[in-house]
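By letter and in written order, the chains are A, B, C and D; residue numbering begins at 1 in each of them.
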Amino acid sequence: MTKVLMKGNEALGEAAIRAGCVHFFGYPITPQTEVPEYLVKRLPEVDGVFMQAESEVASINMIYGAAGVGVKCLTSSSSPGISLMAEGMSYIAACELPCVVINIMRAGPGLGGILPAQSDYFQATRGHGHGDYEVIVLAPSSVQEAVDLMTLAFELAEKYRNPVMVCADGMIGQMMEPVEFPTEGRGEPLKDNDWALTGCEGRKRRIVNSLYLSPEENHQHNVRLREKYERICAAEKRSELYNAEDGYDLLLIGFGTMARICKSAIDELKREGLNVALFRPITLNPFPFEACRAAMDATGKVLDVEMSMGQMIYDVKLAAEGTKEIEFFGTAGGIVPSPDEVAAKVREVLAVETA
Amino acid sequence: MTKVLMKGNEALGEAAIRAGCVHFFGYPITPQTEVPEYLVKRLPEVDGVFMQAESEVASINMIYGAAGVGVKCLTSSSSPGISLMAEGMSYIAACELPCVVINIMRAGPGLGGILPAQSDYFQATRGHGHGDYEVIVLAPSSVQEAVDLMTLAFELAEKYRNPVMVCADGMIGQMMEPVEFPTEGRGEPLKDNDWALTGCEGRKRRIVNSLYLSPEENHQHNVRLREKYERICAAEKRSELYNAEDGYDLLLIGFGTMARICKSAIDELKREGLNVALFRPITLNPFPFEACRAAMDATGKVLDVEMSMGQMIYDVKLAAEGTKEIEFFGTAGGIVPSPDEVAAKVREVLAVETA
Amino acid sequence: MTKVLMKGNEALGEAAIRAGCVHFFGYPITPQTEVPEYLVKRLPEVDGVFMQAESEVASINMIYGAAGVGVKCLTSSSSPGISLMAEGMSYIAACELPCVVINIMRAGPGLGGILPAQSDYFQATRGHGHGDYEVIVLAPSSVQEAVDLMTLAFELAEKYRNPVMVCADGMIGQMMEPVEFPTEGRGEPLKDNDWALTGCEGRKRRIVNSLYLSPEENHQHNVRLREKYERICAAEKRSELYNAEDGYDLLLIGFGTMARICKSAIDELKREGLNVALFRPITLNPFPFEACRAAMDATGKVLDVEMSMGQMIYDVKLAAEGTKEIEFFGTAGGIVPSPDEVAAKVREVLAVETA
Amino acid sequence: MTKVLMKGNEALGEAAIRAGCVHFFGYPITPQTEVPEYLVKRLPEVDGVFMQAESEVASINMIYGAAGVGVKCLTSSSSPGISLMAEGMSYIAACELPCVVINIMRAGPGLGGILPAQSDYFQATRGHGHGDYEVIVLAPSSVQEAVDLMTLAFELAEKYRNPVMVCADGMIGQMMEPVEFPTEGRGEPLKDNDWALTGCEGRKRRIVNSLYLSPEENHQHNVRLREKYERICAAEKRSELYNAEDGYDLLLIGFGTMARICKSAIDELKREGLNVALFRPITLNPFPFEACRAAMDATGKVLDVEMSMGQMIYDVKLAAEGTKEIEFFGTAGGIVPSPDEVAAKVREVLAVETA
């Protein structure tokens, strides 16, 4: 396998095709437009379907339809567009249909700006749409990982019949890095299954439905969804611990682009003799509470860093269960902190203690 | 002041008018349709505007417009319809416009069912729309309280220039109770202010905007929004503690309809000699963490009860900070537990300990 | 009564209010935007309703609804927007509901341009929507006549329970002329009637419907519509004959702005000793065939002039029944011919004969 | 070539594919739904694109887009749906783009009914959309002819870069007849051309546009459209004369299903010794005025028969130029007259004269 130099957004598109997804429905919005731009050219080459919908409400409902007939399908948007998908996401999750949704997060709220942000963490991991349902959320912090997690996203979507969201930001979407794709050819299409609406000639009719007029049936359906989520929690939590081998005086917690910057800050601090580790959740939902707690237990100081006013910190606090005070460093509006700024904040936090 | 017998949904509508709100935009959905049905008749009597929009996406954007010109305005929907408002809510909060949104929650996810539920707690309190913003969320547990909280909702919306959501469910929406309204006449319309788009003849042009192309400005805007939320947290947390006067062996935590049922269960258990208290958050956002913690500190056992698979429990755990194991009893699908069922669960939890 | 100086589009709006119409639904499009602009300011002063719809498809369906509840209602648009109303017009006519539609025609086809044209004659008088139905079409050629025909439009709409279209163009819409309004105050609202959906408490339910599953009933319904049209034809044809007192060598036929220009050309030609008359249909539908024929019978030469490639000429030929060859002079694209150009064409036609 | 037994609507779909059209966009409506039903199955077999749009407004705009990129494309609807296409048709014609539109006419106006009718004659041949443009309209009267005219429709659309409408009704759409298709294989795709938007790498950018801000340019554009229509009039008029060999006492004029019934009536009358001919326009636009006039000139009596309240009769009168009084027999509401009823009307008309 050879590496090719690609922009993050394009690599996401190519990875979807390699995973066997040739159905894309979406609507343009900066800073994710390179995803559809790439796919509108590539999909015809693989007999795929690219459709620009009339809005994001339409995109997600096209995904609902495509997923219901059993094809691997993808939509992509950025923060305001993802908001418009809230109802559809709830429907798709309720119907237990597999699909992958990319959110190249931008600064909010409202129109906000087009620069990178991580302020859709709450939306991705909690309460976007109505009702009890869960979306698996994956957060890459490099172009290569974006490719790898796209592959995983389609696997998990199919395995659990559940929407999977890949949350990145404009930084990862726009940067170019050498990547290699897991397979040279195209992935398998969605395997034969016993639920998709593929035409019922010669077999019993199947139904894709989220309406349960009997409360008891609806309750049972929700219990099943919850049990599925518990299986996901048991099997699919992913995280990375960086620079933890030799103990550490402070634990940074960050994801995606922010984690990448933390690593540079850690390397910088190391040269000064300060030992700092990073805990990076790769699955934002399910959040790796246990691994996070273990990483926190090994040190006295914890600094949660986010490109938001503080959203993941709620999960970090749930992991800490009061055993640690969690320091916070956040930016908003599309400001990406430099490694120097993170390092400065680390020194400040450590100074407080040693003072 | 005299009491009148009214259905919850109708009382919500009347309370809005008494609060000085005569602009309603919405779209029908069970089980909240009595709100617009009431208002479509009442609003013309007070020279008000009632508009059925073409969808909930339109409703919330009409609210965006109406709020922007400085009139008190209301929309109402139920779970799937509220999902469609995610983008608009983010815009309205970003632009710091006052408005009130009623969510008569129904069973989800997807179409779900039309029976009462509390499974939009996450959506109401976290991550509905994109970006860092907060919505004040009020949860009545009786028709009278629905009236009182509607009055408060308009006050808070105006005071903080922020969307306020009143979260109830079909139980409260459909039940009839005697209520009295805070004032006999109509409330004041939105006071003169220095931000609304009222026509700029003879004064400087005003701008309602959520787009900040400068990341630094957008960051500052987010910092201001966060500071506003901190002021809200400091001043507006509301909760009720029930049957706590003489100590208690177990603390129930529930809101809205569920809290009402808990009170009946508590009265039933009291007759058996079991002393159980209830902590009821009235503001779901900001969640009354401190009062909740204090109520938990006074007992050994905590049972969180929700008409969902467990959403508020995340906030309860944040309040507990690991000091308590939180037991959970939840239903989904529109099943409203009886006081007997809650009492049985309480006995079970207590029995486990005494066993 | 005193005259006021007003723009045509504004005068149309004021005339509607004077006729008792206080319900307007529309969508902006040049060159008719002054109609809604005027009404959005004026209607609140008379407790009226102004609604900007989300599209012209929505506007005409709002008119359908408003007409169905028995209020005088108005929409206004220009050529492409009128096209979007085709389905709704057919429904309204089928349901025999009164309403008034203004078309400030612009150059077509497609986007065309925003300058004046008469190329929606076919659309106004034939086959806009599907099925057998007729729309009464009135064509003013001055601002004062625009006011007078608006008054008439509401009378005819109510009298025949039928849509009435007022067809003008940007020339009349934009020009300022002194006008007087027929009454100082507001006209009467739509009288009590036995068909409107006004709430059926205490009386039999009424139905507004265009669906007839029985072909025999639908046939009878169409026969009734046709008989109504025949009554309209018998009673409502209106036209003007200009400069016909002393005989004429050539008859110009034109409507609206074109007729106005013809009059100037006629005055110019008169000074040269050429006697030319003008036949001007005021009702484009029903077309005044008999008066047109009589005017043609009195001369040897007929010149049909239109700001289109030739549409009314089909009706002129139907009137002529082969007794005359009809010469044609037309422009398209928003070109308004000058009186000189018309006069030159008249001389050319007459020269051909006298040569 | 062998004949296959097919329903009219399905044969229309197959004929489109044989003509090389593999792009279909539409929205379901009775009685044309078999067209999309057939194509949704067949198009994937030939690597075609079938898209159900969200409305007929969307369908025709998708056609606008597809035609603009130079692929043969088809939409299909029935009367109310066709009305919604008025604006789009004007745009497509203005941009001189080729496309084919099927209208399986149903009873109107408004919702009307789902039974066969011919009451969209005006709409098809005049003034559907705004501005000066013309649509070529073809009217088959058998399933075989439907196939043949579909083939012709695509040829004419491409030859003249103009929309072509195939107007049939539920009778032809639903009946089964043996048909043979002109070629066994698929027709040619749209030939290389110098106007379609196919990506401009390596060549000059092309523009598809209907907006002309210069009135002079727009005028010239309209003159070109008119000259094109004149070429169409000169070359493409088609009609059939039936049973005219031995002279006739009365000329029936009818199209489509009505013409077919006339032929049966004629055969019946022949057995009684009455010689009646039929003139059947195959192109409704351009109407074959000259052939129609010639057929009328050969007899004393003319009876125009339509499944409407009388629309084509305007063109018949234009052809007659006052030389004949045109008798009329029409039905509405979906009533298809029997040959007996037509024969009775013929006897009545002839009796009047011989009495």
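FYI, a contact is a pair of C-beta atoms (placed from the backbone, for glycine too) under 8 Å apart; a residue touches a chain by one contact, two chains touch by 3 or more.
Source: prediction; values computed, not measured.
Let me spell it out: compute each chain's centre from its C-alpha atoms, then which one is farthest from chain D's centre?
B
Determine the centre-to-centre distance between chain A and chain C, using the mean Cα coordinates as centres, and give it in whole Å.
Chain A and chain C have C-alpha centres separated by 59 Å.
Roughly how far is chain A from chain D, going centre to centre by Cα mean, in whole Å?
Distance between chain centres: 53 Å.
So the centre of each chain is just the mean of its C-alpha atoms; given that, what is the distance between chain A and chain B in Å?
Chain A and chain B have C-alpha centres separated by 29 Å.
For this assembly, give the contact graph shape among line, ring, star, complete and other.
Graph shape, chains as nodes and touching pairs as edges: a ring.
For chain D, which residues count as touching chain C in their complex?
Listed in rising order, the residues are 57, 79-80, 82-84, 86-87, 90-95, 105, 107-113, 115, 117, 119-133, 209-223, 225-226, 308-311, 314, 317-318, 320-323, 331-335.
So in the complex, which bits of chain C are touching chain B?
47, 51, 54, 58
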